[in-house]
C-alpha cells in the first residue's frame, strides 16, 4: 500500500517536474542542525569569517546598521561596515564590535573588500555615483574564494546600469519582488517558479525572492519558506536578512544550506517574538540570534 | 422600571445636547479591539503605511525622536524622520528602523512628504523660518489620501502666521490648552466643550485637546479620556502621543477611532507603568506598545 | 527612669551644642516620606519644575549627562541641558526627554536659565573662559524664586575668581572635601563640623560636603548621611547627586528636606545595588529612581 | 605513600624545570579571591585608580570603547579615554562615566597620561604618525608608579619602529600570537614556553600571549589559562581583555596576580554566557563584571 502510494507520488512528482512545478521544497527546521555546527574548541575569530558590509547613505544609515547587527550577532568573526561617515557613531553605538570605513574612501575600503570572505552590498546604499563606484569596485575585486550577498539598492543599480554579476564569486541575490522585476525583467505578476528559476540559472546565482512566502532558487532547486509573520512587515527586515545570510555564509561551508538556514532562522525568530508582540522590530531579531542558534545547533 | 429610566435618560440627554453638554462620551477599553485589527497574513510593510515625521530643531531633537519611536513601535510600515542633521545619529541610536532626511533639504523631503499616508508635523519643530517653510510646503503638498497630525510648534506657527489648514487632507490637531488658545482664539478659562466643538467644526479637523483629561473633538462628537496618571507629567509625553496617533492612523482605516484608540493606549500604558514607577518616561510608553497592542487586538 | 535618661540626654545635647558638637543629626529613612509626596491627580509637567543643567565641556560631557539623567528620572517636569555642542547627540541617546542648548550661545541660554525653577551648574563644566562667562551670567540672572545647585568646576571657579554667590536665590553647594577647601578656605584636615557650619552660615547656603559620610549644613543644623557603599567610589557619582538634588528641589517645597532626601536616596539605591554588584555605576542609580521613589513616597 | 608520591612529583618537577617544561601552572578559580578584595568602607574613587586608555582611530573606535567598558565595569575609579574625536559620542553613549580627550591633543593628554596609575595603550590605535607620536610620548612619560598595558597596534608599532619599552614602569604586553611574533621575533610555530619565557625575561615584562589557551609569562613563571570558549572567537575580545587587565591592575596591588585574575575572569564569564549563547559579544563580558566580581571576591 505504502509502496503503491510512494510510487504514485514519484510518478506525480516526475510529471510536475517536467512542468517545473513541485520542485519547490519546503524549508524546514531540519536545515538548522545541518548548518549550525557546534563550534570547534580550537578556533579563533578568523575561523568564523571576515565580512565587509557596504551600504548606508546619509538617508538610509539604519539599513546597514541593521544588516551589520545580524552579521555580528550571528557570530561572524570580523565585521567591517563600509558606510557614510555620518553613520560612524550610530554604528558604534549599536556595535562597538564592528570596524568602520568611510564608503567614499575606496583606497581604504578596497583591501578590506578584497580580503573579505563575504561581502554584503546594498542595504541603504542608495543609487548615487558613489554607490555605483563602490559597487563596480566590489565587482572588480570579487574572486573565487568570496561570496557576495547583493541586496537592496545594489540590485537596482545592477538593473539600471546593466551590470554583469562578477563571474568568480558565488553571488547571492536577495531582491523583494519589485527588485527582482528590475533585475530579471520578469514582472511581478509573471514571477512563476519556472520563470524565476530560469532567470536565476541564467544569472548563475542563488536568488532569494522575498515575499510573504520567501522563495530561494539555488543550483536548480527551488525552496519555499513557510514561516514568517505579518508582525515582521516593517522597514529593515530585508536588511537584517541580508546581514544574516552574510553571517551564515561566512561561517558555514555549504552556501546554499547556509542561505536556507538564514532565511529559516530569520522568520522562526520573528514567529517566536510575534507570540508576545504586535510588531517585531528588525534589531530584536538580531539580538535574539545567539540564544536561538545555540538551541538549534548540531549536537553531535 | 428600566425602560422608564432609559426614557428619562434619553430625554435628559436631549435637553443637554441642546445646550451642548453630555455629548461628551468617555473613551473606554472597547475602542482598542475596534481599532487594533489582527494583522492579515498576506501583508507587507506597505500595508501598514508610510509615515513622515517632521520636527526636531537643534534644541528640540528629542521631541521628534520620541514621536518617531511611537510611530515605529506601534507598527507603522515605513517611517522617515525629517529633522535637523544634528539629530541624525541619535535618531538611529534609538531607531535604525527609521530613515533620515535633513529638514533643510526640501528637494529630498518633498517627494517623501507627498507619498506619505500620514505626516506628523510639529514635535520640536521650533518656529524659525525653516520651520515655517517646511510647514507651508507640507500644507501645499497635502492631498486627499493623506492624514496630517499637527502638533507642538506647528500649531504655534499656524496661529502666528494665520495659516489655513489644507483642505484636501484629513487634519488632526493635538494642542495642549495654551496651543489651542493660540489656534482657536479661545482663552484657556473659556475652553468649554461647546466652544471647542464649534472651533473644531470650523477648522473641519479632529482636535485632541491635551490636559489632565484629554478631550477629542471629531465629526461633531466629543470624547473624553479618563485614564492617565500624574506620573506622566513630564516633557515629551505630547510628542509621543502625536507619533502614536500617526502610527495608528497609518495602519487603521477609521481615523476618528484610530485617534481615540491612540489617546486611550497612551494613557493606559502609562497607568500600568505608574503602578511600579513614580514617574513614567515617554520612551518607556513607546517600548511597551508591541506587547500592549497584541494583548488588546481584535480576536476575530 | 526614661524621663531621667531623656533629661540627661537633653542636658548632654545642650552642652555639646555650645561646642558645636552633637548637633549632627543622622539622616534616616523617614526623610523620604516627608519629602516624596504622592503626585496630585490634577497636575501637569509645569507642576514638577523646570530645570536647567549647565556643564559638560568637550572633555567632561559624561558628567552633565549623568546629572541630567538623575534630574529626569527623579521626575523633574522639564529639563534643559546647556552644554558643549559635541555632547548633543550623546545627551539625546540617553535622554530624548531633555532639551539641548549650546553653552556658548548665551543669548539662547539666558531666558531658559532665567525661567528655570532650579539651575544645576558645574558638572563637567571645566574652568575655561566660557565656563566663567556662563557661571557669571547665571549668577546675574538668579532671582528669589530660584534654587541654584552649584557643583564641581563651578565651585572651583568661584574660589579662583572670588565670586560672590547670588543673594536672591537659594544656593546649594555640593563640594567634595577638596572643593570645599577651595571655597571655604578650610583645609581638609581642619574641616570640623563647627568650622564647616560657620562657613556655610557665612555663605548663607546649604552645603553638602561629600565624603565617605556626607554631611549637610543647612539653616544652622548639621546632618550626616550614614548610608553609602565603597561600590559607589567611581567617577560620576557626584554629578548624579547634583542632578538628583536638582530634581528633588524642583519638585518638593522644603528645599532643606529635599536636599536631605536626595542625599539619602542616592546612597540608599547604591546600597541596594551593591548587594549584587562589586561596583555601582552612576547611571544605574538614576535608572533605579522611579521604582525607589514610588516605594518610598508618602502614602497619605 | 602520599609522601612518596609527593617526593616523586617534586623530582619530576625538578627534571622538567631544567628543561623549561612543567613550570606552566594552570590558572584556577583560586586566583579570584586572592585578588578581588572586599572594598574597604572608607574609600573614595581615587582608591580605585586612575586609568588612561589610548586608542581608537576613526576606523577602529569600537576597540577603545570595548577596552574602556571593561575598565569602568571592573571598578576602576577614574577612567579617561584618549581617542579620535569621531569616537567621543559613541564613547559617552556607552560610558558617560569615562572622560574624553582627543588623541591628537598631546598637550591635554600628557598630564592625564602622566598622572594615571595605569595606561592601556593600543586597542584600535592604528599605526599612523599620530599613533606613533602618542605611543612615544607615553613611553617618555612612564614612571615607576605606573603600569602600562600594551596591546594591539601599539605592539606592532614597537616592532616596526624598534621601540624600547620604558624602563621605569611595569609593562604588561598582551599580544596575540602574530603580534608576539612581531615583538619577540619568534615565529608562531616556534613559540614554545621556553622561548617565550626567554623573550619575556629579556623584555622584563609580563607577557600575555593570547590564544585558544592563553599563557601568561611573569617573573620567571608561566601560567596557562584553561578556560575560554569558541563562542568568544569574535572581534573585540582582546580589546576587552586589555581593558580588564587595566581595571584590575589599577585596583589591586600584586600586578602579576591582577593580570592572572583578569585573564581568568574574562574567560570564566565567557564560559558562563556561552551556556546560553552561540556567540558571546565582548561588551556582554564587561556588563557581567560587577556581578561576577562580587560573587568571587575575598570574603574575609
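Should a chain be cited, it is by its letter among A, B, C and D, assigned in written order, with residues numbered from 1 in that chain.
The rule is simple: a contact is a pair of C-beta atoms (placed from the backbone, for glycine too) under 8 Å apart; a residue touches a chain by one contact, two chains touch by 3 or more.
Since the structure is predicted, the reported quantities are computational estimates derived from the model, not experimental observations.
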item	value
Chain whose Cα centroid lies at the greatest distance from that of subunit B	D
Distance between chain centroids, defined by C-alpha means - subunit B, subunit D (Å)	53
Centre distance in Å when subunit A and subunit B are each reduced to the mean of their C-alpha atoms	37
In subunit A, residues with contacts to at least two other chains	89, 93
Graph class of chain-chain contacts, one of line, ring, star, complete, other	ring
Residue ranges of subunit C touching subunit B (in the complex, touch as defined)	36, 39-45, 47-48, 72-79, 85, 88-89, 92-93, 95-102, 108, 289-294, 297
Of all residues in subunit B, those that touch subunit C in their complex	58-63, 65-66, 69, 86-87, 89-90, 93-94, 211-212, 229-231, 233-237, 274, 276-283
